[in-house]
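Which chain is which? They are A, B, C and D, in the order written, and residues in each are numbered from 1.
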Amino acid sequence: MRRVTAALVLATMLAAPPTARAADETIAAFSKNQVDPHFEGLRIGVDQAAAALGATVRHYVPTRPNNIAEATSQLEDVVAAHPAAALFMAVDARAQLPGVQRLIASGVPVVNYNDRAGDAPFVSYVGQDDFALGKAIALHLFDHLGGRGGVVILEGVRGSTTGDDRRRGFEAAARERPGIRILASQPANFQRLPALQAMENIMQRYPRIDGVIAAADAMALGAVEALAAAGRANVPVVSINGVPEAVEAVRDGRILAIAEFNGFRIGCVAANLAIRHLRGENVPREVLLPGAIITRANMAEWLVPFAQRRCPPPIPAT
Amino acid sequence: MPMAERALPAPFRRAPGAAVALVVLVAIFAASSGGRFLSVGNLVSLSSQVALLLLVALPMTFVVLTEGLDLSVGALMGLAGVVAATAMLGGWGVPGALLAALGTGLVLGAVNGALIAWGGMPAFVVTLGTMGLAEGLALAVTDGEPVSGFGDAPRLAWQAMIGPVPLPVAVAAALYALLHLLLYRTPFGAHVVAVGGNREALRLAGIRGRAVHAAVYVLSASCAALAAFLLVGRTNAAHPTVALGVEFDAIVAVVLGGTSFERGQGWLFGTVLGAAAIGVLRNGLNVLAVDPSLQVVAVGLLAILALVAGNRRGGRART
Amino acid sequence: MNGPAPLMALRGVGKSFPGVRALDGVDLEVFAGEVHVILGQNGAGKSTLIRILGGACRPDEGHVEADGRRVAFASPAMAARMGVAVIHQELTAVPHLDLARNIFLGREAAFRNRLGLLDLGAMRAAARRALDAVGLRADVRTEAAALDVAGQQLLEIAKALSQDSRVLVMDEPTASLSVPEAERLFAIIRRLRGEGHGIVYISHRMPEVKALGDRITVMRDGRRVALLRRGEAGADALVAMMVGRAVALSRPPAQTPGAVLLEAEGLSAPGIADASIRLRAGEVVGLAGLVGSGRTELLRALFGAERGAGAVRLGGRPLPADPVRAAAAGLGLVPEDRKRQGLALGRPVRDNLLSASFRRLARRGVAWPARLEREARSLVSRLSIRTAGTGVRVGTLSGGNQQKCVFGRWLSAEARILLLDEPTRGVDVAAKAEIHATIRARAGSGCAVLLVSSELPELIHLCDRAYVLRDGRIVGELAGAALTEAAVLRLAVAQEAQAHAHG
Amino acid sequence: MNALPARIGALLLLALALSLATEGFATATNLLNVLRQASLLFLVASGLTLVIIGGGLDLSVAANLTLSACTAALAFKATGSVAAAVATALGCGLAVGLLNGLLVAVVRVPAFLATYGTLWIASGAAYWLMAGRVVYGFPPALRGLGTGFVLGVPTPVWIMLAVAVAGGAFLFLSAAGREVFFTGANEEAARLSGIPVRRRRILVYGLSGLMCGVAALVYLGRVNAAEAGLGDPLLLPAVAAVLIGGTSLFGGAGGLAGTLVGALILTTVTNGLNLLDVGAAWHPFVTGTIILAALGADALLARRGA
């Protein structure tokens, strides 16, 4: 059983109107890259929720991972494609705000999902609170360490909303635990090899590292490899996301814990809301999905491959 | 124009790769997109995208005509954008910001040009080095964070329409006109072609070929700085690494457009066709929502197929 | 001297290069309204003379005068401003510029309009006039690359005329022209003479000399050996003056040639048509002809570097047109352009000596450095290559020693058929003798040698037999006593020359 | 090659400065760490070095590494056999390399553009094959290639040394290697020497591809996972390592020893910046500076030598 199915509903409930299918229900779904399994999970969630309601999905992903210019072009191109609705996340929120404002102005209802894309009249926002996730997982580690020790932070891409919010969360947690010292904080671009090599280098400088916080699973897994190779596999590593590979590492004791950032579920909910909005339902303005802390005790649920997961029950209309 | 090949229109003679690709792609996309590809809205965004590429690709044509290339423009666009945005935040106003960006371009272009023309160093290595310098400076100055909050002027500029024409397209058209005049209607243009085609002829004619050679890199960098300003408007922020990789698209556009890396053979309008072919391919794939991974393959195939198609080969008899 | 001052004059000009006395006290005067032919074999000093006239180099001794005043040309551009234009054999057009821009390259300022832009209409009209003046009918908007060689030649002349050059120096302008093209050029030259230009005309071709030359300077070994007026000497006499004393170099006794090694039948390729030749073991065969007659092209076609029609047979078996197969089968080509085609200048002497034999020297694919070094040293000493070591960059060697490296390559590869294209060009006297000795020695050891040389004495001296090429066709074969410079020249320069020689 | 001692000197000076400026640098483990980090970069750059010496260019190396690693990972997951993974990585790398060779040597597309095209094709193929997945978890036999130690030295360092020695032997001891140098220095002179220029071209592109296959195996061993786009951060450093190592883009000069030094300089700088806790933002700037410095030093050396 899925432990968390409830969602934060911000408005009062209304009766669900009868479903009225539009002629062409094609949904454009944006994601940032074809590399990170988080987004693959998200795309599978979108596809599943749309299929359940009989809508079609077209995915837009830049050919160069997280490429702002290309993502901006795609946004412009989607204005021409004129889908019935769109699910949008920004590679760079500031950069893509004008584009998404124009998409909305062209009459396409847009649901913002995964991370906040700035100030535009979105139908709804579906996501998680990156700051809270960062803070929660960092506190989990600090408490595991007994509130004292030196930790290393592996940041994402400097300047990305996700990366910056998570880093601020880590730092906020550190302020709450005065016994914790941050030894080094290096960006590793959400990628595995840069994280591995940065970790290797940082280890040379600090013979004693008590814990590692990574802003995403891929970097945590890179750090785990570096620590294991140096015979320091006992250093606890925490991360954010919860893709199956990282959950396996939790199972095997290589990662201590992960703050769940569930792309699959975000995809499910966002697609579901968008289609229901098209069919005339009133949907919540904002859905903040809670994130669990995945540990060895509860990890089984997240070991299921994305393709075999089932979308949670729809969030009631408002 | 040569008499022998009159039968074919100029684009097919002089830039066969780009021309064929363009015709085929437009036909496919127009036929299979149910009118969306040729809609006014799409043409506006398509033409703006092509315009931005052209701001880099047109001056790159000059560089390639001298048998060189400029890998630093993408990184420079990031740096110049950051400089412009910082200048606006510092209260320099839009003209001041433009000048600051342009100055950044001039300096980097002069470094490239001096090392290549007077230092006799290979363009590939020099511009790879300055690419690192520009990218690193942009990242270091901003610590990787985009610079924003400088007001609406750049964004409004990017979105402005001059009559039915988007401003970026108008800027690219103006730049095309300017560079067309520069290449075909000034002594400088002839000298650029001669730097690539026959430097000995320049020497015999008593022209300082090295200054001409260096100038094309200054031109390339200045135009990149100009493009950076529009890009800042487009993305509403100056992102230090936003344009990395654009140099490759620009070079492919130039070569697709029938400009050769050898002997100063080239055609400025061909670059427009080349950039249009690249823009149409990417835009059309998006409008048709082709699987993202296949889009990556399609870009590579276009480059190679168009080049192979454009490559004329001699016959063989005795084997 | 009475009368008007010459447009241009050299007074006692001397010039030396390391190891070579290229010019020695040469006087030359060019008057308005004359065609002054300079006649001489390769190595007679003509090209140095042209360089001095055109401002590309300065004389060591003597000086240059224009309109009776001493001048010093610092650059070709300066010479051009003083009214001297050189039309080089290797053409200097910018291939992808149109004709109008080529003509006015560097002088575009004259066509700027008020906006600072080129007035293309005016420029094209001026170009049109310049091209009309030389009878070139091509559209002025055509790129220079689209012109054939004759057209590019005319373009160069048009360019020179358009800058009001009073003295035109033409270096073998008909070398690559067909007969009608050459005729057209002659008509233009006559007209220019009529208009008061002074023309320095360099050529080997007797009919041209006779048809055009008002005065003739004959050069030999860097000196002026004769200054003649029109008609003062017949073709035979001129040939004799160019050649000098009757062949001073004695030819070794003819050897009995061995089996046919290489045979070409009806070979056609760009620049050659229907050529058939045979090379036997132990002979040195010459390939004579004027520059542009197809000698280089024939060698390249034999080696497979140019593809064409016809058959090449090696020991009776067909040889495919592929340099790899040719080299493996025992052919070796010493190309004409040493720096571009013969050597990798940045690589050491060793690699340049062994580039054709790395695989032969390797044992199971391993080319042991010691073995390579041994081979390279042995070649250096066999050919007396003067170098500080086998690891020295070949580009730092003198021309003669560079050429010996290309030679050595084929010794090392044990080539049995050597195709030599101007092997002694740009080589000093001592190295030349050594190369000659090597050529004879190779033939003596059973190789077949096909030798292209523009220096007739060399050809006569070295060869047992010679084919003569004209306009890409083999027009004759001379052997034994019939192989004389005069005979070769007669065949090479055209029918009229033969007729005239008997007249 | 005459500049190699200067480069080694620069590397030693850099190392000396870092050992004075930081505590962690001059330790045995850190030096082995630097070597291990350099190994992947060197492997990708080694084949590229051969191509550039032969007068070409290969922009597809990083994308080829990506595709080879992804196909090998998929092959392992499909068969469970390490041998299959090794064969797939090497086969895939070689195939992409040969495709480059054919495009450049036979179809005669300029190397810059041909390999830029295959860059996109290879990375697109990887995206398509992986479909957003990460394939992870490899057995010790494969992991050992990246994380193991032999005689106290990391296995990838041994692989790096083996490739450097084998590649050096190919370049300097084999007939084909000598011919590659000559072809790079002057293609026409090579052709007229009877050197099979086309085959030599295809050979170096093939070897470059093969090296990407080897690098892919080391990557899998080291990182224990494969995903599309994994090689992208390596392209420019690899080109930079070759150029910093003194191999000339004009062809016909250079060697793997130089590339090894180039890779070590780049890795040492990154390591040093991490140890000094300088932000990663400065890395491209430092790399660019080193490229230009190497270029300027060579120009000075050449002028003095001439």
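We adopt the following convention: a contact is a pair of C-beta atoms (placed from the backbone, for glycine too) under 8 Å apart; a residue touches a chain by one contact, two chains touch by 3 or more.
In this text the structure is predicted, and so the values were computed from the model without any measurement.
K.L.:
If you tally contacting C-beta pairs for every chain pair, which pair wins?
P.N.:
By contact count, the leading interface is B-D.
K.L.:
Rounded to a whole Å, what is the gap between the Cα centroids of subunit B and subunit C?
P.N.:
So the centre of subunit B lies 44 Å away from the centre of subunit C.
K.L.:
What's the distance between the Cα centroids of subunit A and subunit B, rounded to whole Å?
P.N.:
Going by mean C-alpha positions, subunit A sits 36 Å from subunit B.
K.L.:
How many angstrom between the C-alpha centroids of subunit D and subunit C?
P.N.:
46
K.L.:
Which residues of subunit D are in contact with two or more other chains?
P.N.:
Residues 124, 127, 131, 228, 250, 279, 281 of subunit D each touch two or more of the other chains.
K.L.:
For subunit A, what residues touch not just one other chain but two or more?
P.N.:
In subunit A, residues 34, 63, 158, 187 touch at least two other chains, as defined above.
K.L.:
Where in subunit C do residues touch two or more of the other chains?
P.N.:
Expected reply: no residues.
K.L.:
Where do chains touch, given as pairs?
P.N.:
Applying the touch rule to all chain pairs gives A-B, A-D, B-C, B-D, C-D.
K.L.:
Could you pull out which subunit A residues touch subunit D in their complex?
P.N.:
Against subunit D, subunit A makes touches at 33-37, 39-40, 43, 63, 65, 158, 184, 186-189, 191-194, 196-198, 200-206, 218, 221-222, 225, 228-230, 243, 245, 248.
K.L.:
For the complex, which residues does subunit D have touching subunit B?
P.N.:
Residues 57, 103, 107-110, 112-114, 116-125, 127-128, 131, 228, 236, 239-240, 243, 249-250, 279, 281-289, 291-292, 295-296, 299.
K.L.:
Please output the residues of subunit D touching subunit C within their complex, sorted ascending.
P.N.:
Subunit D reaches subunit C through residues 172-179, 181-182, 185-186, 188-196, 250, 252-253.
K.L.:
If you look only at subunit C, which of its residues touch subunit B in the complex?
P.N.:
75-78, 80-81, 92-97, 101-102, 105-109, 116-118, 120, 139, 141-143, 145-146, 269, 307-310, 320-321
K.L.:
In the complex of these two chains, what residues of subunit B are touching subunit D?
P.N.:
69, 75, 115, 119-122, 124-126, 128-137, 139-140, 142-144, 248, 251-252, 255, 261, 291-301, 303-304, 307-308, 311, 313
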